[in-house]
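Take a look at these structures.
First subunit A sits with subunit B, and in the next complex the same chain sits with subunit C.
What follows is the complex of A and B.
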């Protein structure tokens, strides 16, 4: 017998919610730090994006909110992927990185940011898709 | 019956691919890796060799990795039974 569980009966754990609230700014700063310094130190877009995804997942774990629009996030991710393909096609394959070597750092940081946000959205969509539809 | 045939076909295909992959001995010269290690800062402006490789030398790898992630999400959104559109 599967227990019927509705959203109002879920008890919110105050310890978890307070600690998660305290951790939010550190998660944001840590994720963005890893993304922005990916070209100088170990790290980068994928790792920082995974950390930023914890933001949304933690929010869901605390509040059980279902106001996250999966399809809008999916559309944003598609746009990010299009930019992610266009920028290197122009910059690297068009050998602009040889002609303008001063743009190399800007390119690396920009690409890491794009990859980071895309990975964060992707992991969030995966987890929320399961959380919304597969737990019944 | 159909499932058994399909399973046998997939297994045969797997053995075939593994056979080819094992018989192929390709030894690459390490000139490329030596070049990367010595020249990545001047070529790409990065101080981290990994970032230099995945954002410049091996850009196709990163593009298709991002594509794999979005493809898996598209497959998950469209082909799972439960839920559907929210």
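What follows is the complex of A and C.
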């Protein structure tokens, strides 16, 4: 008889959350596939990382979760950036690529993985920072 | 040949993005525009770019815009009925929800990008006016609908002006009060 809607029931949408819940595993597999196969098919670290970032951000929009630790993600991203600079320096200037040519493939995949996770974390942090700390 | 069709469609969706009156709809049009752009890159044999465009243009950017839209406020209109408690019946709800005045008030705030929600509350008018969570209090009685407006608020002045200039519902009245005082 009395129409009363509280804020949570207005904002949550069960259809959207169930469908995105079903899609999550496929998006994760697709993103990781694009990162890992980036060196010989279209795609690569940046594109796969962006797909993974979309996953995290979509999860925030659908589930309104605020359990994402931005500071920890920021620290992990800094460590990834350090490794991202160190690995090419060691690999190229240490002339490992010439002495062990069979390592080239491993090097490419490893760099794509690093770039992918760094891009995913970076884009997620940008959007989360905007969503949480911007004035309402 | 197919490129021309895709470019024309992109133009259509670009125009729709600008012309649409709802921001949510604009975001969807923008996502479709980006998807078409990705398809165009694929036609011009640039699959790497196509993947990046598809992911960012129709995944990341719409989500960012949606997160921005979430920051907009929810505007709550509380409807009370004259008389004692428990005077809100199904009949009252039916009448008020179909009244032209409420339609126009809702349209006024939706044009200002508010998310409007209407709640029917079973308390006296004075109590409803004291509640912080109600942005606008509307009282319904036999004569029609009375809108209680905060005299400090310029949005309310605008609303009143709009109804004076081309309001159609004569049963709508505006009553000014200053918060903290008895009505």
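Some points to look at:
Definition applied: the second predicted complex is superposed on the first by the 125 of 136 C-alpha atoms of A that agree within 3 Å, B and C clash if a C-alpha of one lies under 4 Å from a C-alpha of the other, contacts with A are read in each partner's own complex, and residues count from 1 in each chain.
To be clear about the criterion, contacts are C-beta pairs under 8 Å (C-beta built on N, C-alpha and C of every residue); 3 or more make two chains touch, one makes a residue touch a chain.
Quick caveat: nothing in here was measured; it's all calculated off a predicted structure.
Here subunit B and subunit C are compared by how many residues of subunit A each touches, and B touches more. In the superposition on chain A, contact of A:115 is made with subunit B only, not with subunit C. Touch criterion not met for A:32: it reaches neither subunit B nor subunit C. Of the two partner chains placed by the overlay, only subunit B lies in contact with A:97; subunit C stays clear of it.
When the shared chain is aligned, no partner comes close enough to touch A:62: not subunit B, not subunit C.
In the superposition on chain A, A:71 makes contact with subunit B only, not with subunit C. By the touch criterion defined above, A:131 reaches subunit C but does not reach subunit B. When the two complexes are overlaid on their common chain A, residue A:42 makes contact with subunit B and with subunit C alike. Applying the stated contact rule after C-alpha superposition, one finds that A:81 touches subunit B and leaves subunit C untouched. Residues 42-44, 134, 136 of subunit A are contacted both by subunit B in one complex and by subunit C in the other.
Of all residues in subunit A, those touching subunit B in their complex are 38-44, 70-71, 74, 77-78, 81, 84-85, 88, 92-93, 97, 101, 104-105, 107-108, 111-112, 115, 118-119, 122, 125-126, 129, 132-134, 136. If you check the complex, the residues on subunit B that touch subunit A are 43-48, 50-52, 54-56, 59, 62-63, 66-67, 69-70, 72-74, 76-77, 80, 82-83, 85-86. Considering their complex, residues 47-48, 50-52, 55-56, 59-60, 63-64, 66-68, 70-71, 73-74, 88-90, 93, 117-122 of subunit C touch subunit A. Taken in their complex, subunit A has these residues touching subunit C: 1-5, 7, 10, 34, 42-44, 46-47, 50-51, 53-54, 57-58, 60-61, 123, 127, 130-131, 134, 136.
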